[in-house]
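Multiple structures are listed underneath, in structure tokens.
Two complexes are shown next, each including subunit A; its partner changes from subunit B in the first to subunit C in the second.
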Partner chain A sequence: MIPVSQGQMKRLTTVHGWSGVVLGLLLFTVVITGTVAVFAHEIARWSAGSSSNRALDRPIDGIVRGLAETMPRFYLEDTNIWRTDAGDLMVFFHAHATNPETGEPDEYGTMFRVDPDSGAVLARDEGFMWHEQQAWEPSALRKFLVDLHVQLYMPDPWGLIVTGLLGLLMMAAAISGFLMHRHLIRDLFVAERPGARLVSARDRHVLASSWSLPFAIILAFTGSFFSFAFSVSFPIVAQVAFGGDQEAMAKTLFEAPVAEDARPVRAADLDAIRAAAIDEAGGPLTFIGIHNYGRADARVHVWHAAADGRLGFTQTVFDGADGRFLGIKPQVGNVPSIGNDLNALMWPLHVGDFAGLFSKAIWGALGATTCFVILSGLRMWVRRREAERLWRGFGRAVTVTAYGLPIGMVGSAHAFFLSLPAGDPIFWTPLGFVGGALASIALGLRAGDDGRLAQLLWRILSFGFLLLPLLRLAVGGTSWADAIAGGHGEVVSIDLLLLLAGGVMWWARNSSGSYRTAAAEPAE
Partner chain B sequence: MSVLASTAAIAVTLAGIGRLAATDPKRRRSFGMQPFRGNRQVVLALTAVFMPGVLLLAIGSGADFIAWLGAICVAGWAVAAVSPWRVASAWRWMAAVAAAPHRLLVSAVAGVRRLAAAVLPRSARAGIPGRDPVGAADDGTVARIAELERRVAQLEAALAAPSVASYAFGTEGERRVTRLPAFQRSDLQDAKVLRTGDR
Partner chain C sequence: MVEQVEVRAERRGSPYRLVAAIERHPLLTRWLLAGPGALIAAMLIMAAMPVWLPAGVAGIDNIVYPIILAPLIWAVVFMYAVLEENLPRGLAVAAAVILVKGAIVALSVTGAIGGSGL
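Coming up: the complex of A and B.
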């Protein structure tokens, strides 16, 4: 494609190979958890059990107004309203204060969990609520999987920095691979050649990476963008332009300017605003934010999921005092801009959340393809060097990681369901992952042969898949009949997918034993 | 509109990718296949690959286009990753599946008849068309037995006649052999077995 000299090719090969070897397994961790995290909402509804899909489609004005009347004025600075994946209505009245534990500005207030049908308050908590996950997160499993993807379960901001660097690494590998491959178009249809030769391993890697190249770059770039935005970019912008005041920066970038008017007025009807918002934006409501509820300068921001044919979410703004529609607000700034348009593209391009399950399934498949590219590349590297003991050990690490991570994730799901009756899944879910991963590592250390190890881990994984739906039902999860009656297709779908995956893997278990340990061949 | 349009576009694109893959010279050479004979129709295939994307951009939406682009990156790989041998094997399997309904019908009819023969009482079986009263299989045996009995009778009559001996054994040691018309040894053996069985 692009002519490169022999020396350049050598350097590109070095960059491509060593970057993959040094951080490839960590990158695989981020990508495979991201592939699962694409279906975060579906996993949450499947694991937590959903009672209703329509918490924000029902009248909420009476509920919010009644709760607001019990709140001190201080807590009405900001009000967040959303629906959990379990179907409950959440209302969080809060103000901003410095969190003594972190020393950072934080949101302090009262959070209500409400039954959207009856309006009954199911729970009331007070404090710096974003640190109290059990109050608002119905699925510890979803939370764990997303956290693992976003920051590898590392402390802030190091996790974000590491995942951001891994995104850059993935881009470097994709671009260097593109430059190295001189016959990209000519090899676009060459399937893995038979014979389990080195060239077969190369075919496998090159074919998958050639087809997934555009989205590998897109996913890597958008992932890095999100990681560095919160850990590096915003703090730098706040430091440079706002003297370190991140709250002032957030107001400037994300809130519409409004002249202060603290006169108390009757708040606008939220149900009328909901209806008008849907008319204006088209997409379903996902979140409502009210600034200065019950004051003359109140503003209501309504977030909508992507409407039919659109990529990004939309934000409509209303006057909180008289309910007037004020306009559709750009995500960044207050006037349309190229920067805002590019920023709006980042989220849908990263998670594929713009056409429901259709686009999510495509993004999940893209993630799986990227996993295949990483593993096939690592295996090819090992294959070329398996005469050396060190690289055979690395090959064992690749096998353990390739199977151990999915086993760990399945283990976390098992731990989540097993700990549900005890009521502490937030503690046990990560431990389930650690247990599954450690068991895989232990088997990897004990096994004498890579082929047998792969077969054993394969069977454990398939058994784990098969057992999950049964365990979910055994601990009182939503039954299929209730799920179908309530319109929660994800419950039945995920159960069936797990049974199918486990069954097919169990049936095809011998295929994993075809791991090749032939002698190294010269590069072709 | 969106999902439907994207799905249709993906299907057309995949058809184009499939055509390009099936006729690709390097792919065929790598698997020891003969070069594709005939017109590859590359322009038509490329049009099928890219035109849906252009149309989605022109008359659909950006979301449709992005979904199409993502899907063809995955599905294109899936199509190209299948070796030509597996494709040929899949074609054979599909041909077998297509022929299966006829075979199934024939097997089902035979199965029903065997089931009826096993389940129904002998008296009821007598009423089944084409079946003789003693329950012999309806495969021409009845007619064959009748024919054999007719021939046996013919043979016995021929043996009983004095002139027949002169056919078999000539006078003064001269042997003259004359075949009886349409006589076959196996027929005679069958007839003996049947008659022995009768006794």
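Coming up: the complex of A and C.
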């Protein structure tokens, strides 16, 4: 226990309570979408119709060389090569031009979607391609869920600033909660007092928050880092450190520019570079970037997923003309440093991607616990003030948000699958979320009794879960047999999880005692 | 307590008047200190770090550390603003941090002093 005076305890309680009440529902939105976004790659593979591990593990030199020969020199300034979650090979030849729609510098060029086995071109698109998501994003569902988590679907940079502030708010709530603990160790094993009393709800809140406290602080810290790093912090710090000298900044942080040599040469063999990159860095290749393909000053940057014993991705650099290995490039700076190592730690710490599915599952479970902590805190706040009409209304908003958000997310998945065969999933997926959320709000406005509202929303959610795997298979998604044969366990796992979640919710609904408590106090 | 400060303020002059004003509005002062005050102080502490932090072998530590530490800096400043018992002292500390760090940032941006990245 950390000694605090009575006045300090009063202020900490105020901070802890009001930080939750003022922005708690938005914070719940960010945390619940983040909990789902931890499994972004798995969701993409599950929803994309066919799955791939995205590794650039097949010959690509012939394909890229053949496509490059058809391109005007201007488009070979930069070439990006990767594989989608559906397994297609993507090659994007592009240069830089001002986008008339945004007035900002942007990447303009030709993007090919290629069958990696036969080399057949499946699609060819031209334009400012990063704005044409349907050309390169196989899972609009993954994209929507991640965008919702990262910036709440708000325009740049406001979404990042809002989620960054929510991260700070979460840190304030977690630290004040930590300081308020009178018996930190005992609270880790607190048993719920019987009866549906306020103290019982408090026991559950304290138990869940005690276990998830370190995780909440890590998530809040890394989350606000990612939100603020490029939208606020980096421009300010770079201005002070380099006095506005962009060239000095680029040289220090990224890479010294290569001396220009525009002589045309035969580009180095990309398959030889792939083999050498794996020898040097280990870890499967996930992305290749080539600057000035087919010129004497060409550079090839190869990104590797984390190799065994490493936390973050690695980048190797090769001479694009003769294929020489030039070294391993840190994420920041040009030589290894503690600053680079710390920076590399932030991503795995935020998403739990450092020990495969095992660490992701722990992060997902702790994320769900944090959702429970937020909602149970809000419900306790409301129960203490039930006599006041305003707070009863807020309690209704908590119930609608607690169920409406998951219903909206399940709605987005339904809309994604329904629009997959013929429609435009990029357009319909967010609308599915809006539909689910608006329906929940409408039910919340009409329902007279909070318990009956929770009962109805609970039922809708359980049906939504149960129907999703069937809908996925009905619109031509990967069958269980094909998924097992192809080693794509995520397809079967997510289907089973949805069926289990829907089934357990349905069973709980029909189990009178447990359901009554759950329906009356969904957030506790 | 407030009366004593007000009496001293009348006798001695403006700093005591300021203290008296703070003591008269403790809630508003605490909100200003922990809200915009903590945010501005944290931002200026982060912005001034490249000037005095060593750049390290890669020349990037003075840029990466402030960016990574920014949320923690805010948390420390915010919790100090909440927990400080002596409100006038808390305000004085925050004002000193904002003035000193603000001056360092202003001098650096105008080129009078260089960041250690240069």
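Here is the rule we use: the second predicted complex is superposed on the first by the 482 of 524 C-alpha atoms of A that agree within 3 Å, B and C clash if a C-alpha of one lies under 4 Å from a C-alpha of the other, contacts with A are read in each partner's own complex, and residues count from 1 in each chain.
By definition in this document, a contact is a pair of C-beta atoms (placed from the backbone, for glycine too) under 8 Å apart; a residue touches a chain by one contact, two chains touch by 3 or more.
Note that the structure is predicted; figures quoted are calculated from it, not measured.
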Touching partner for A:240 - first (subunit B), second (subunit C), both, neither: second
First (subunit B), second (subunit C), both or neither touched by A:335: second
Touched partner set for A:229, first subunit B, second subunit C, both or neither: second
First (subunit B), second (subunit C), both or neither touched by A:492: neither
Partner chain(s) touched by A:176 [first = subunit B, second = subunit C, both, neither]: second
First (subunit B), second (subunit C), both or neither touched by A:208: first
Greater subunit A contact set [subunit C / subunit B]: C
Partner chain in contact with A:441 - subunit B first, subunit C second, else both or neither: neither
First (subunit B), second (subunit C), both or neither touched by A:5: second
Touching both subunit B and subunit C, residues of subunit A: none
Residue numbers on subunit B that touch subunit A, as the complex places them: 1-3, 6-7, 20-21, 24, 26-27, 30-31, 60-64, 66-67, 69-71, 73-74, 76-77, 80-85
Residue numbers on subunit A that touch subunit C, as the complex places them: 4-5, 7-8, 11-12, 15, 167-168, 171-172, 175-176, 179, 220-221, 224-225, 228-229, 232-234, 236-243, 245, 248-249, 252-253, 330, 332-340, 342-343, 346
Subunit B contact footprint on subunit A (complex, rising order): 186-194, 204, 207-208, 211-212, 214-215, 306, 308-311, 348-349, 352, 354-356, 358-359, 362-363, 365-366, 369
Partner subunit A, residues of subunit C touching it in the complex: 30, 34, 43, 46-51, 56-68, 70-72, 74-75, 78-79, 82-83, 85, 105, 108-109, 111, 114-118
